[in-house]
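Quick one: structure below, then a few questions.
Each chain gets a letter, A, B, C and D, in the order it is written, and its residues are counted from 1.
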Amino acid sequence: MQLGLVGLGKMGFNMRQRLREGGHEVIGYDPRPDVTDVPSLAGLAEALATPRVVWVMVPSGPITDDTITELAKVLNPGDLVVDGGNSKYTEDGKHAELLGEKGISFVDAGVSGGIWGLTEGYGLMVGGSDEDVARAMPIFDTLRPPGDLADGFVHAGPVGAGHYAKMVHNGIEYGLMMAYAEGYELLAAEPLIKDTQAVIQAWTNGTVVRSWLQQLLAKALKEDPSFDAISGYTEDSGEGRWTIEEAIRHRVPMPVIAAALFARFASRQEDSPTMKAVSALRNQFGGHAVKRVSVSG
Amino acid sequence: MQLGLVGLGKMGFNMRQRLREGGHEVIGYDPRPDVTDVPSLAGLAEALATPRVVWVMVPSGPITDDTITELAKVLNPGDLVVDGGNSKYTEDGKHAELLGEKGISFVDAGVSGGIWGLTEGYGLMVGGSDEDVARAMPIFDTLRPPGDLADGFVHAGPVGAGHYAKMVHNGIEYGLMMAYAEGYELLAAEPLIKDTQAVIQAWTNGTVVRSWLQQLLAKALKEDPSFDAISGYTEDSGEGRWTIEEAIRHRVPMPVIAAALFARFASRQEDSPTMKAVSALRNQFGGHAVKRVSVSG
Amino acid sequence: MQLGLVGLGKMGFNMRQRLREGGHEVIGYDPRPDVTDVPSLAGLAEALATPRVVWVMVPSGPITDDTITELAKVLNPGDLVVDGGNSKYTEDGKHAELLGEKGISFVDAGVSGGIWGLTEGYGLMVGGSDEDVARAMPIFDTLRPPGDLADGFVHAGPVGAGHYAKMVHNGIEYGLMMAYAEGYELLAAEPLIKDTQAVIQAWTNGTVVRSWLQQLLAKALKEDPSFDAISGYTEDSGEGRWTIEEAIRHRVPMPVIAAALFARFASRQEDSPTMKAVSALRNQFGGHAVKRVSVSG
Amino acid sequence: MQLGLVGLGKMGFNMRQRLREGGHEVIGYDPRPDVTDVPSLAGLAEALATPRVVWVMVPSGPITDDTITELAKVLNPGDLVVDGGNSKYTEDGKHAELLGEKGISFVDAGVSGGIWGLTEGYGLMVGGSDEDVARAMPIFDTLRPPGDLADGFVHAGPVGAGHYAKMVHNGIEYGLMMAYAEGYELLAAEPLIKDTQAVIQAWTNGTVVRSWLQQLLAKALKEDPSFDAISGYTEDSGEGRWTIEEAIRHRVPMPVIAAALFARFASRQEDSPTMKAVSALRNQFGGHAVKRVSVSG
C-alpha cells in the first residue's frame, strides 16, 4: 500500500527500506534534502492519494507535537496518522484529539528492535480502534518480524496502549541490561574467571539467561574485551523515567527497574552530591575537631 | 564413554537419558531403588572400569559433601569426579583437596537449562585443569546444546571457576526474572492494556527484550492468565545469596540483583517485621495519644 | 493576632490550642459541629476583622482545592491564606493564582511534628513573598518550637518552596524509618541479641544513630516488644511518591527513598503479582513437564 | 578503678582522657612513644595490678588479632580483656576462646559516638557473661553518656552480642546518612529552594526527621554550603558489609541499607564497569552498524 513516512533518521530510514522491499510505495519526508522524497509535509500530503496513511517517526516531545500539529493542517478528514516514535502514552490522547477535530484518525505504535529491525523485523505494539489498526495492518505486517503474528505484534488496546506497552518494554530493558551488567562486573572482578567474554559467550545457548541482549553483550565484549573504548556515561530516553512514574501512580513496587534507572542518573554525574553529603557526615562525626551543635537545638 | 552418575533426580535423570541417547554408557546411582542402576556407591565403583569418571548431581551442601567423602573411599587414584550440582564455589577447593589426597581428580561444572536440557542441551561452565576437563569432554560435548562449542560451553578457569560462573549466571537470572515480573505487574495494573498476555507474547520476536525467560513468561501467562494458581512465595536456592556475598567481597555495586534477592526473602514472610516497625513509628508520631519519651534522653 | 483556622482535625485542633495558649485569638472552622467555632466558611469570614489571615489545615487534594476555592469567594482583597496542609507543591501555584485573581495573598507552609507539635512546637517550612510571610510571622512564631528561629523555621523561597521542603522532609522520613526498621528486623532475628528493645533503647543517647524517630522506635517496642498488635500494612500519604517523581524530574538518583516507598506499596499487597510471575517462571524452567515454546518464536 | 588501655588513636586517646577525668587510673599503651604510658604490652601487664582489666581499642582485623594473641601471653588467669574496637562479631568467639584457654575472660564492646564521645559520652553495647560485664561496669559507667543507664548502655547478650549490636547500629547509620543525603541533593537541585542549608537547619528542631546526624548535616553545610571541598569518594569500614551478609544469612530483606552500601562502593569507582556494559549494550542495539550474531546461536 501507499504510505507517507515522516522522519528518515536511524529508525525511519531503515523502515522505509524494509517497507519498500516488502512491496509498499513509501514516500518519505525529512528536513534533510539528501534523504527526503518530498520537499515538505505539504508536499507529502499532495503526493499521497486520499485517504492517506502517514507514519510519524520523529523524536518524541516537541518535534512530534509540531509534526502532528502540522499534519492536522495538511491532511484531510478520513486520513490516518500513526505515531511510531517513543511518545509518552499520555501524549497520545492529545494527539488523537487534535487530529480528531479535523476528522483524522490516530494510532500509536511502539516499535522495538533498533538497528536490527531492518533485517529482523520490528516488534510492534499498537493502540487505537480496530478499524484504524486494520487499515494500517499491511504496513505492520511488513515491519513485524516473520513468524506468527502474535509473536511480534499486538493490538494492545485503545489509543495510548501501544506506547504504554512500549514504555513498559523499555523499562524492563533497563532492568535486564543492568542485571547482565552487574553480573559482568562481578565476573570481571574475580581472578578465578580467566576469560569473562568466554563465559558470557557460553551463556548464549542452552542457559536460562540466554537472550538477545545477552548475545549482544557477548558480541560487545568480543569487540572490546575490557570496554576500554566505552564510557559508563549512560543516557536515558524517557521510557524508564515514565515507567517508574507509572509504577508510582499504580502503587506497583518496582525496585529493580528503579535501581537501573537511578544507576543511569548516577553515571552522568561527575561527582555525586549525595555521596559528598555522606562523606561530609562521616567527617563530622568521625574525625575532625569541630565545634559542636547541641543535640537539642 | 563410560560414566558413573550419582543422583537421578530431576536433573540427573534427564542427563542420564541425554547421555545414553548420545551413545555413552551411563551407570547411575540413586538411593531410590526404582531409578538406580546399582545398589550403592561401592557398587557403582565396582561397575565402572578404571580410570573412572563419576559425575555427582545431588543437592549442594551436606549431601554433596557426603557423596564426595564416600567417593573418596570407593574410588581409586587416577579417577575423576565431576560435581555438576549447584555447590558454592568455595566448596570446590575443599572437595578437590579431599579427593586429591587419594589421587583422585576433580572438576566442577555449572549446569544450566533446567528441565529443558534433556531436549535442548545444557549450558555448561566448568572449572579444573586442562587435562581433567579434556578427559570429561566427551560427556560435556553430549550434554551441551548443539551448535558452536563456545556458545554453550566454557572452561572458565581452575577448580571453582565453573561454579563461580554458574553462581553469577543465577544471580543474573534473579535480576532478569524480577525485571520481567515488575513489567508484568505494571501492565496488568493499567486499564489501557486489554490483554497482558498478548503484549508479552508479542515481545517474543523482534523486540529488544526477547529472551528464553520472556518466552516462558508468555507461556506461563497463557496457561494461567492471572497467575491465580500461583503463589508469590518464592524460594531461593543459594546462588543469589552467594552472588551478593561475592559482590560485597569484591566491592561491586549490585543494586538490581540484590533487590531481586530481597524481594524473594520478603515473599516468604507472612508479615514483615520491618514494615511493622515502620507502621509502629507512624503511629507514634502521627496519631495516638502516647506518653512522651524526652528527646534528650 | 487574630487567625481563622479551617480544619480542626488531629493537626488543626492541636494547633488552635497551641496558638490560643500563645495568646492569639483563633476562630476555627470545621464541618463537625462539636469542634467548630463558626457555622461556615462564610461565618468565619464574617467573624474575622479585615485584613484577614486564614490558615487552611485540611487534607491535601480535592478538600484543599474546594476550601481555597470557597475562601476565594468569601474573603476580600488584602486577605491572606496560608495552606498548612500537605499539598503537593505544584498545587500551590494554582491556589496562589486563584486567590490572586481576587487580590488575596497566599503562603504555603509545610508543618512537621505530628501530635507532638502541641507541646514541642511544629517545624515549619514556608513559601511566599517576604511581605506575606512577615504578616503571618506571629503565628509561625507561636507554632514553631522554642529556641533559635533558624532551627525550627525557614522561609524556603517563593510560593511552593514550603511544601517542596516539606515533601523532601517526608521523603527522607521514609528512608530513615526504613533504615531503623531493617536494623530492628535483623536484631530481632539474631539469637545472640537477648533483648532487642534494650539495644534500641540504649541507642537513644550517645550514639551516632540517635534521633527522635529512634526514640519513638524504642518507645514503641517498650509498649509492644514484638509488634504483635501491629500490622505491616503501611499507608503513604503522597509526599514519598512526589519525592521520587521530583527525583526523576531532576535526574537525582534516589535508591534509598525509592526502596522505602516501594516497601510500603508492597506491604499493602495481599500477594505480589511480581513475585507470582517470578514463581511462575521458576516453575516453567525448573520443574514441571510443560510443552515447549520454541526460542525463535 | 585501674584500667589498661591498648590503642591511643582517635578513639582511645579521647577515652583515656574521659576515663581519667572520671577518676580512673588508666595506663595506656600505644606503639607511638609520644602518647604511650608504657613501652610495651608486657610493660602494660607489669604496670597493672592483678586481676587486670585491659581494654583493646585498635583497628579491627589483624591488629586486633595480634593484640589479643599477645595479651594472652602477657596476662594471667583471672584477667579480663575488653575488645572495644569494631571487630566483626564472628571474631569474638575466637578471641574469647584464645583467651579462655589461658583463664582470661573476654567482653566485646561496641562503642559509638566518634570524636564527640569525649564530651558527650559513648553509646555502649556489650556482650559477655554477667560477671565479666559487672567487673568492667565502672569503666562503662564513665564512658557512657550521662542520664539513664538504659539509654546509653546495653548488655546485649553473650560474647559477640555487643559487636553484633554495633554492626547493626552502623548498618542503620549507612541508611540514615544516605536518606538525608538524597534529600539534600534533591533540595539543592530545585530552584524554588533558595537556601538548602537554611532548610536543613530548620529541621533541627520540631520536625520528625530531626536527629544528631541531621544536625551534623546542617553544620557541615554551614561550613561548606556546596560541599566544594568534599569529594564523594566514601570509604566503608566493614560493618555495612557485614550487616548485609547477616541480612542474607537471616533472610532479612534489607533494600535500604544495601542500597546505601552499594552507593559507597560506586562512589569509589572511577568509572563503573556495570555502566560501561550497559552503555555497550545500548550501542549494540541502538546505533552502530555491527555484524549480527544470530539469535538462535
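General observations
Going forward, contacts are C-beta pairs under 8 Å (C-beta built on N, C-alpha and C of every residue); 3 or more make two chains touch, one makes a residue touch a chain.
In this text, all values refer to a predicted model and were calculated from it rather than measured experimentally.
Each of A-C and A-D has its own count of C-beta contacts, and the greater count is at A-D.
Distance between Cα centroids is largest for the pairing of subunit C with B. Both copies, subunit B and subunit D, contribute mostly matching positions to the interface they share, with over half of the numbers common to the two.
Here the CA centre of subunit C is 32 Å from the CA centre of subunit D.
With centres set at the average Cα position, the gap from subunit A to subunit C is 36 Å.
Inter-chain centre distance (subunit A to subunit D, centres taken as mean C-alpha positions): 45 Å. For subunit A, residues that reach two or more other chains under the stated contact definition are 113-114, 120, 145, 147-148, 151-152, 178, 180, 182, 185, 189, 204-205, 208, 210, 212-213, 252-255, 259, 262-263, 266, 272, 274, 285, 295-297. By the touch criterion stated above, subunit C contacts subunit B in their complex at residues 10, 113-116, 119-120, 177-178, 180-182, 184-185, 188-189, 204-205, 210, 212-213, 215-221, 223-224, 227, 230-235, 255, 259, 263-264, 266-267, 271-290, 292-293, 295-297. Taken together, the subunit D residues at the contact with subunit C in this complex read 89, 112-114, 117, 120-125, 127, 144-145, 147-148, 150-154, 156-158, 160-161, 164-165, 168-176, 178-180, 182-183, 185-187, 189-190, 192-195, 198-199, 201-214, 243, 246-247, 250, 252-257, 259-260, 262-263, 295-296.
Considering their complex, residues 145, 147-148, 151-152, 208, 210, 241, 244-245, 248, 251-255, 258-259, 261-263, 265-266, 268-269, 272, 274, 285, 295-297 of subunit A touch subunit C.
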